[in-house]
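Next up: some structures, all given as structure tokens.
Consider the two complexes below, in which subunit A is the common component and subunit B and subunit C are the respective partners.
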Partner chain A sequence: MKKHQATAFLLLLLAALVCFFAGREFLTMHEEEAVYPSPHLTIKKRLSDYFPGLKNSPGDSSVYIFEGQKMGGTLLILGGTHPNEPAGFITAVLLVENLEVTQGKVIIVPRANNSGFMHSDPQEGNPQRYSLSTPGGPRWFRYGSRLTNPIHQWPDSVLYVNPAGQKLSGTESRNLNRSYPGRKHGKLTEKIAYAIMQVIDNEKADLAVDLHEAAPEYPVINAIVFHENSAELAAVTLMTLQMEGVDIRLEASPPNLRGLSHREWGDFAKTRAVLLETANTSHGRLKGRPSATLIINGKDKNYMKAAQLGLLFVPFDEDGISLKQRVSRHLASLRALVSGLHELHPDLCIQLDNLPNPIEVQKVGIGPYLTPSK
Partner chain B sequence: MSEAVIFLLMVGIFAILAMILKLPIGVSLAISALAGALLGGKGLALRHLVEGSFGYFETILIILAAMIFMKVLQASGILDSITALMLKTFYRKKLPLLLTVMVLIMFPGMITGSSTAAVLTTGVLVAPVLIRLGLSKVKAAALIAMGAILGMIAPPVNILVMIMGAGVDMPYVGLTLPLLIIVVPLALVISLWLGYKDIKIIRYDEMKSILPESVFSLFGFRLYLPLVVVLVLMLSQSLLADIMPDIGIPAIFMLGSLVGLFCGRPFHFLKITQEAVKEAMPILSILVGVGMFIQIMTLTGGRGWAVISFLSLPPVLLYLGIGISMPLFGAVSAYGSASILGVPFILALINKNAIITASALSAIAGLGDLMPPTALAGMFAAQVIGEKNYFKVLRYCIVPAFFLLFVGIGVLLLAPILDKFI
Partner chain C sequence: MIQIIYHFLVLYLTFHLIWFVIREKKFWNQLSGVIVLIMFLLRLLLIK
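And then the complex of A and B:
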């Protein structure tokens, strides 16, 4: 064998080894964490039950339904629209594992963009998972990407005109929260959006809440973003939260920002549409070393510096903004929204029992409310 | 070890490997990334190295397909025929030639928002014309690179603004005027600066003597079909984005290449593709290496450290920080610069009109496509004219780049005044 052939052979072998070991690690992203629904779960469905076009696709995802004995309002809760915003996802999981509904109906989709949980963003250096301590030992959860996996939807066009007619950069075609109201025969992300619209329509959701997080340098943070049809509800919720000592603000959904849940759910499905934001350092642009610890404790010296420079829209100190604080904030907001809905529309009462107490979650952490691994 | 130390060591290792040991840039970047992972206590970080390189997967495919397309245009005689046509039209008209050339170069960038697309389509067509009319090869490449960057910034499609807009929830509306205010004067000044002195007005017999062989008489308008296919598909991806299936830019170039098989002189397609891959390989390896480097830089905290360091500059130095950091970060890619730095800078200047700020920042970020080691616009322009040393091209881009930078910073400073007219 000539020398250059030997070199080529060695390089090919090296490439094959890199492919094998890296590929094995990438494939672990397809593994889904366990979720142990509360014994009070009424039925578990899939998004494809509402839109068969998603069946056997990576966009299909579990839909957990809790129905009370008494008639009341219907609430839809979405976690994991952006799988790199863990507070929304973990809040949804906590609800699935603890909730009991005695009046009305609650529908929870923890992995709204299932495909986004199956990959991580290049050049972000994020971990693929993080673990939370439970009394029965640690439980791991997936940390994914803001966008649908390009393996499932590719290539991105140069320009994306979303179903609501807004022009966006091509990569946004994989952003679920830019794809509403969805397209029945569209790209995978648009089909997921379409399926979620079908859930809202078929279940006649009176209130739909999209749980998110944002980087601390993002202006819309610690906020309730509401469609104009939910203005009164948002105002009542704000008052309740302020009385509980939760610092939160209201942001009206801009009418010219199209394709987002808080706009299109309200315009097309006529549900009361609300989006909740908390502050997450782990997907900010200023973050230090990405790690599972950063996701959980939210401490970051770069953000402390940014806070001193006045660049942030939330208070930030050496204690950081932990996952338990963010989840607690989402839980408190959900509780206040449900109570506000009841106050404004007594016929739409939703009775949530066993809802993890936000103050307790902040005090003892998320773990005690999670079912230990089975 | 602190983030800053790891980052500086990575840069040092890269410099030693590339400049002293003369290893290829791509390999040097990959090794320095690996070293960074080890120094940062992340082990071999195989997943991160591969994942980082995939940040440029789309770009790599575009480059490969575009290189094949370029080779097809050359081998089939299409390029020579178009050069001949343009020479016959413009050999006595200096100013119209320069302005037409500038608009031609900018056009694909305006439609796709990508400087690469501009260099590799119309840039390829105008290069031989400019060179035959007296512009040095490297100056022609500089003109193409600058035109492509201006095209990327110009409306109607400015992806850099879209990326920044997504970070601050600013819809892509009302940007045409501010972007034109930035781009139009620059297009005029830069084309004249780079070309007016050197382009010669020649006599008819001189023009005939430098005219390349045209195969138009043999194949007629069929010759233009590959270009028409590529331009129509690219245009429709943007202009008819809501009804046009997304086949992607690489597929568009490949379709154009296949059409080229039947439109000019016969050639060996497989051999052409092999040549294209061979020529593109150094740039592709640089992109893979940069991807690895950036991922490890982020993983070890270097990226965050760099961003917060620029943002920490005192207010009087903020504009200086913008002027330095955004083009520098463009070494990752102009899009990366817009995302990582553009968004925090818009927020830092939140008291100004966000549309004007984003337009000006996009112009400054666009300069990143001249920044080695990736230097997408510059590297490709060098490749188009057959110059291996990109720095020779960069030398002629420096003054026009400063024009662009001054206009960008000027618009930022004058934003409150411009705001009244927009």
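And then the complex of A and C:
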């Protein structure tokens, strides 16, 4: 064997080794964190039970259903539409692990875009996981990407015309919150959107809430985005929250911005559609080094500077905006929405027992409300 | 269908890269080839 051939074999061996170790690391992103449903869970389903087209696909995801003895309203809660927005996902997990519903029905999908949880955004340097400490030790959760994994859906076209007819850039074809009302025989993301529409239809959801987060420099944060069919409900919710001292504002869903949950859920499924936003430092463009700590404590010097320069849409000081604060905000908003729904439509009462108290969550953190890891 | 075509293309290019690395005499060129090869292999196995 010549010398250059020997070098080639050595290098190829090295490539195989790098592939092995990198591959093993990447594959941990496909693992799903453990969720321990509350003993009051009625039934756990999958999105594929509503739309079999998702069966055995990475878009399939768990659907947790809590049904009360007494008839009442039906509430759908989505977390993880964007898997890089942890407050929405953690709020959904917290509900699954604590809730007891005595009246009405609550349906929770923590990983709405499951495929997005299975990879990380390239060139962002985000951690793959973050841990929350519970009385029984730490529990890890995935920090994913805003978009569906390109391994599962590709290629992206240059232009994407979504199912509602809006023209968007190609990568948006992997954004679940641009793909409503979905397509039965479409791309994976459109199929997920279609499955969620089926959940709303089949379960006759009276209210559907999509939990999100956005960068602190994005105008729509600490906000309730509502479909015009829920304007009254949003207004009542706003008043309740303001009385509780939660500063939040209303944003009407623009009628010409198509493919989003707060638009198409209302237009196509006729449910009251609401989207909630909190401010996530780790999501923003101005942040310093990304880390698991940043996701959890939301503290960042650059954002403090940005706040001093008046560039942010939320107050931001040295305390940052922690995950527990953001989750607490989502919990308070959900509670206010449910009470508002009851106020406006007494027949649509949903009785949420054991809902983690938002003020307590802010005080003691998320961990005490999570089931200790086994 | 598109999946099969895609896999075939990646596989074809992977073999080309391996063949290039074996024939190439300059070390740095070989190393460059191997670095690209890693990404192709991960894609071929649908890992990343």
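General remarks:
Note that in this section the second predicted complex is superposed on the first by the 374 of 374 C-alpha atoms of A that agree within 3 Å, B and C clash if a C-alpha of one lies under 4 Å from a C-alpha of the other, contacts with A are read in each partner's own complex, and residues count from 1 in each chain.
Rule of thumb we're sticking to: a contact is a pair of C-beta atoms (placed from the backbone, for glycine too) under 8 Å apart; a residue touches a chain by one contact, two chains touch by 3 or more.
These numbers come from a predicted model, not from an experiment.
In the superposition on chain A, A:Tyr160 makes contact with subunit B only, not with subunit C. By the touch criterion defined above, A:Ala22 reaches both subunit B and subunit C.
Using the contact criterion defined above for the overlaid structures, shared-chain residue A:Glu228 touches neither subunit B nor subunit C, since it reaches no partner.
In the superposition on chain A, A:Asp353 contacts neither subunit B nor subunit C.
Put subunit B and subunit C next to each other and count what each touches on subunit A; the higher total goes to B.
Touch criterion met: A:Leu14 reaches subunit C, while subunit B stays clear of it.
By the touch criterion defined above, A:Gln123 lies against subunit B but remains apart from subunit C after alignment on the C-alpha atoms of chain A. Once the two complexes are laid over each other on the shared chain, residue contacts for A:Asn302 go to subunit B alone; subunit C is not touched. In the overlay built on the shared chain, the residue A:Ile151 is in contact with subunit C alone; subunit B does not reach it.
Note: residues 18, 22, 26, 154 of subunit A belong to the subunit B contact set and to the subunit C contact set alike, using the contact criterion stated above. Against subunit A, in their complex, subunit B makes its touches with residues 3, 40, 46-55, 58, 112-114, 157, 159, 162-163, 166-169, 171-173, 234, 237-238, 241-242, 244, 246-251, 291, 294-296, 298-301, 304-305, 307-308, 311-312, 332, 336, 339-341, 343-344, 347-348, 350.
Against subunit C, in their complex, subunit A makes its touches with residues 4-5, 7-9, 11-12, 14-16, 18-19, 22-23, 26-27, 119, 151, 154.
Of all residues in subunit A, those touching subunit B in their complex are 18, 21-22, 25-26, 120, 122-125, 128, 154-161, 165-170, 172-173, 187, 217-220, 254, 256-258, 285-290, 300, 302, 305-306, 309, 311. Looking at the complex, you find that subunit C touches subunit A at residues 6, 18, 21-22, 24-25, 27, 30-31, 34, 37-38, 41-42, 45-48.
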